[in-house]
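Which chain is which? They are A, B, C and D, in the order written, and residues in each are numbered from 1.
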Amino acid sequence: MADFLPYIVAKYNYWAALVLLLIGLYGMIAKNNLLKKVIAMSIFQSAIILFYVSMGDKKGSTIPILLHGHGEHGALAIDPSQYANPLPHVLMLTAIVVGVSTLGVALAVLQKIHRVHGTIEEDEILESIEE
Amino acid sequence: MTAAQFPILILIIPLLAAFAISLFGGRRDKLAYGLLLAAMSGSFYAALQTLLLVLETNIPIHYRLGGWAPPYGIELVIDHLNAMVLCLVSGCALLTAIYSLPTVRAEIPDRIHHYYTLYCLLVTGLAGMVATGDAFNLYVLLEISALSSYAMLARGRGNAYYATFKYIIMGTIGACFYLLGVGYLYIKTGTLNMADLFRLLAEEEMQQSITIRIGFILIMIGIWIKMAFFPLHGWLPNAYTRASTTTSCLIAPLMTKVSVYIMLRLMFSVFSVEFVYGVIPWHEQIVWLASLAIVAGSISALAQRNLKKMLTYIIVAEVGYMVGGAWLANESGLAGTVYHILSDALMTLALFMAVGAIIHKTGKSSFAAMEGIFRKMPVTSAVFVLGGFAIIGIPPTCGFFSKWYLIRGGIETGQWLFVGALLFSSLINAIIFFRLIERAYFGDLSGHGHGPLPERDEAPAVMLVPMVVTAAALVIIGLYTSEIIGRIVLWTIPAGL
Amino acid sequence: MKKIALLITLAVGALLILAAEDFPRWGDAHAPANDYLSPYYIEKSLEETAVPNIVTAVLADYRGYDTMFETTVIFCAGITVLTLLRRTQRKAPKAVRPRPARQGADVILQSASRLLVPVMQIFALYVLALGHHSPGGGFQAGVILGASFILLALSYDLKTMLARLSENTLLRLSALGVIIYAGIGALCLLLGDNFLAYAALKVFGFSEVMAHSHGILGVELGVAVTVMAIMFSLYVDLASGGDLDEGL
Amino acid sequence: MEQLPFLPATPALAILVSLLAVPCIYLSDQRPNLREGWTFAAAFAKFFLILSMAEWILAGNTHTYELCRILPGVSLSFTVDGFGMLFALVASSLWIVTTIYSIGYMRGLNEHAQTRFFICFAVALSATIGVAFAGNLLTLYIFYEILSLSTYPLVTHHQDEEARSGGRKYLTYLLSTSIGLALPAMLITYTLTGSLEFTSMGVFPADTAKPLLTILLLMFMFGFAKAGLMPLHSWLPGAMVAPTPVSALLHAVAVVKVGVFSIVRVLTGIFGIDLLAATSLNTLICVIAAFSVLVSSLIALSQDNLKRRLAFSTIGQLSYIILGAGLASRLGVQGSMLHIAMHAFGKITLFFCAGAIFVATGKKYISEMVGIGRRMPVTMFAFFVGSLSVIGLPPAGGLISKWFLVLGAMEAEMFWVLMVYLASSFLNAAYFLPIVYRAFFCSEEEAQFERKVAEAPLWCVVPLVLTAAVSVLFFFHPQPFFDLAVMAVQGR
């Protein structure tokens, strides 16, 4: 038990992402309302983004933009431990964009479904398909 | 520009063509069509040149994007395996592009140029996934191909929206699992380049790390969802059945095959033989699952009364072939899988094209459409028959030889369940296709063949030519099996197997 | 269904909890993720690309290939939504519209947005231009620009806005942005270097490092144009259900 | 090495020549005479190509031609040896005769889709010769499958409900056995031994486990279901819905003999006679084949449809051949190879007769043929000669092969097999001779035909007289086939 708490605390960024991820996953599978599924999908993607970004963090570091970046100081010694890891940020910028795009497409399809079936409840759609 | 630039041209030509079509294609359909053909031909030419280059030197081509050395920049790595798959992707895309115009005009009344834009983007995405040597770049391209395929599938015949929506949800779960898995690899290794990951993951500490193992499992599940591996296949049949003809001709042969390629790539270029078959002790169980996939897919296909839906279930079974072959953990099985990527894509393409032409001409997609087709559309039905023979695995079509290797792999490892499943599915396929051929041949159930004969009403030449080419390829590739196995497939077998 | 979903979720959860066992501590500067590639980027980006904002440098140069496809993804989403929702020949008029019709013009709203929009747009250009030195860049600028148009469309109405920025223009702009990006890459190709290797741009008289810097600016511009156009186009299509008659 | 007196690629050409005729036949769809001209040209070309190799083979040589390496380690190759040559000669010479006959038959009945008929026939013959010359098991399997598929349109030629169910049964039996049994057996063999070449020593190492060998043996024997071994025989009577030329050539010669040929090839070339004898697996083969011989003969007795009776007789005769190979003695194998040729000529005569009767009178049932000898004396005399050959009575070729089979049984000291041969010969006589007897000798009131000679068209009668004559000729002059069979056996 004594080891357990530090273990939990040491990775709490991860636990937060995990909880969000599971909420999203559950929602995507279980929800009957398609719009809620889309929302869950967004939560799911955000959880992964959170996970990535948090792993690039370093204690006591700042954003990855070089201080004194211009002028004659430019080439002065740079200490990598001062700056957060830029790579996860880059990756997640891409992932955010992908997420937004997927969301847009999903919403468009959803509008179409609503127009065709008159509902966005999954069970009602299935009924109307069977008819 | 030199020969060294061919790898990137495979992707860039369709990409730029996509924008060109969206800008200028709106004026006339023919212009959009012409641009599409030009782009696909260019891409195919570049892919062929790349393949020849690889075959000549037998060394993988590394192409540094932006000139940055990996692992800092992104690179394309083209070896025997993906050179072959690239040719396959661009070749199938070219054939489908030629084939597309009549059906697209009939089924997609407006905004053909946007449809063709998406077509190009999809091809770019698929080719990019195959060519890349970077795990995260793979994700981005996966999403491009996914998004464009959502759009193409949704513009299907009748009510395709609900099926597409399910596909979006499943596809996103798959892609996110993959992304999460890559995150796990990144957190332990700090790199995203595949070769670099391979080097770092070979270390003893990494081999034992539970994070890496679970990362691997997540990646595999993600890819399996994407390739519709049983029991994660639920989204595929509905989505593909309702798609328009050209869409299904493009997506059905390529999507699952590219996913299988990605699985192989990740198994052997990111992880290693020892890790995949040694550290993860489940390869036997996965082969059992694959056998189940084959049996379930075949039986479901047998139960269908709609041509396209039947074909989609055959795809589910074929995915089982390839996953099973890859996890047999021996050379024959893997060679069979790689060869089956090639042959299955072509036979699926031939069948979807033939069925598309039949639907185009008869307006029906149920089995009733097949009645008397032999007289009405002799060439189309010949293609259909040949494609069916390849699926059943009748020599000398290429389907026989891939099955040959897969069964041999099963026998060598003693996976009798898998061998049985393969034979079972061959028999079921034989029943399925001969039932259809019988209908096509005899015509109306009550007729005696001496009544008035149906008029000959063949599909237009633009549809026939690619169909015939594909069907011919089935036999030609079958006859050149030994060449293909020797010069390409055996090079893809990782060391240590 | 709910039970199955719960079961799957719990199984995945258990798997992910297990995976956490040999994670590095949060914020550990010497975790592999922070210790392998990132020091190179942090130390070398200024030297090699003259861009102090490391994220920008990595985004648009080291991993510029990713970003090009990311822009393509947006373009693709725009086209997708458009093809899904828009039909040139509509067969049946739309069913019951849940939205109440707008009564008259809202003076306060319109005046405020007229004041705000120029500021937003200038700020967007600033964000774009200063992406090298501070948080910002093509995506951010594009989103702000897009937001300014959406604001206009909200406070006036969709038709007024579309009269100024028509659907076709939006489409052309969105394609144009990606063409700028891919075109710069292809230009490098034509100049004899690899795709997206900005160093080739030094034929225009820059030093190699500055060629990288300008190359990055160029592609950021492309990104901004596409993102702006697609942002607004997504809004237009989704808000009007594809009819382009009235917005929210 | 001596100079080859023919092109090295001749075996491949002999196979291809009828495929080359296919487009020609297709294009001359509207001109029947030209179309049949192409078929004749192909048939003669094929026959002479094969004949050109015969002398070389008879001189005791074999010839191998490798077309391409289709898989690493296995090539698409053709080997011409005594056994293959024997079979190829029989099949190709009978194709010429059958072509003459089918022209008479098809035009006589004004059948539909004749072009398709001739195309499929040409493809089927290609496949048959391919099997005959196959240099390894994979090549054999490939042509075996092509034969199954190309004959399907022939079986279902009439396109009615009966043809449909016959065709369905045909494919179900042939495909499911070849895919389900022969293919895995071949793959297991390849995995175990790494070779699919036919060698007289067999490919299996001497220490292969006997249960495994037994299973493989059974898989091969039943996998090549074209041989009609019971209980996988019922496709053959079903396939009798086909037009008679098809039944005659394919179901008396090409298809069924391909099945038997494949089994004998596998027994002699993959297992090796010595291995079979050493592990006494040959007894198993004999038991299965003997069962088939007796049961099918008994069933044949009860059939009233002439073609069905002939079909069951064929099943029995095919099992003779397997039984001969199963004796695992030199003379037995020799006899079974000879029987392929002898039975082919005898049985094709019988089928031709059945077809001629159908063309001339429209009768199918034996009970309706009382006194038919008055009307069609030539046909029924040929029928008599054919029956003699199948029963194994002088002066017809059937006696020769049966003689060697019996000698083989004695050499192998399996006297019960001898009894089987004798018993079945009696049964053969019992189901054939009454037909002939009733055709000629019956009282006036029983006779269903008038005393007026009205034979089938000349195109039909000439071939059947020809084959009957050849059957008799073989009795007096069996030398070439005899030599080929001796060589095929001594090759080991």
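In the analysis below, contacts are C-beta pairs under 8 Å (C-beta built on N, C-alpha and C of every residue); 3 or more make two chains touch, one makes a residue touch a chain.
Worth saying up front: this structure is predicted, and the values here are computed from it rather than measured.
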{"item": "Central subunit by CA centre of mass proxy", "value": "B"}
{"item": "Chain at maximum distance from subunit B, centres defined as averaged CA atoms", "value": "D"}
{"item": "Pair of chains joined by more contacts [C-beta pairs], B-D or B-C", "value": "B-C"}
{"item": "Where subunit B and subunit C are represented by their mean Cα positions, the distance between them in whole Å", "value": "31"}
{"item": "Subunit B and subunit D: spacing of chain centres that average the CA atoms, whole Å", "value": "43"}
{"item": "Geometric centre distance via CA averages, subunit D-subunit A, whole Å", "value": "71"}
{"item": "Euclidean distance of C-alpha centroids - subunit A vs subunit C, Å", "value": "16"}
{"item": "Contacts with two or more other chains, residues of subunit B listed in rising order", "value": "136, 140, 143, 147, 150-151, 154, 186-187"}
{"item": "Multi-chain contact sites of subunit C, meaning residues that touch two or more partners", "value": "16, 20, 23, 31, 33-34, 37-38, 41, 63, 66, 70, 73, 76-77, 80, 84"}
{"item": "Multi-chain contact residues (two or more partners), subunit A", "value": "21, 25, 55, 87-88, 91, 94, 98, 101-102, 105, 109, 112"}
{"item": "Touch relationships between chains, expressed as pairs", "value": "A-B, A-C, B-C, B-D"}
{"item": "Residue ranges of subunit C touching subunit B (in the complex, touch as defined)", "value": "15-16, 18-24, 31-38, 40-41, 61-66, 69-70, 72-73, 75-77, 79-80, 82-84, 86-89, 171-172, 175, 178-179, 182, 185-186, 189-190, 192-199"}
{"item": "Touching residues (chain side subunit B, partner subunit D) in the complex", "value": "389, 392-396, 400-401, 404, 407-408, 411-412, 419, 423, 426-427, 430-431, 434, 438, 441-443, 447-450, 479-482, 485-486, 490"}
{"item": "Subunit B residues within the subunit C interface of the complex", "value": "1, 5, 8, 12, 15-16, 18-19, 22-23, 63-68, 71-74, 109-111, 114-115, 117-118, 121, 124, 128, 134, 136-137, 140-141, 143-144, 147-148, 150-151, 154-155, 184, 186-191, 209-211, 214-215, 217-218"}
{"item": "List of subunit A residues in touch with subunit C within their complex", "value": "10-14, 18, 21-22, 25-26, 29-30, 54-59, 61, 63-66, 69-70, 74-75, 78, 80-81, 83, 85-91, 93-94, 97-98, 100-102, 104-105, 107-109, 111-112, 115, 118"}
{"item": "Sites on subunit D touched by subunit B in the complex", "value": "68-72, 75-76, 112-113, 138, 141-142, 145-146, 149, 153, 156, 158-160, 164, 167-168, 171-172, 175-176, 179-180, 183-184, 187-188, 190-191"}
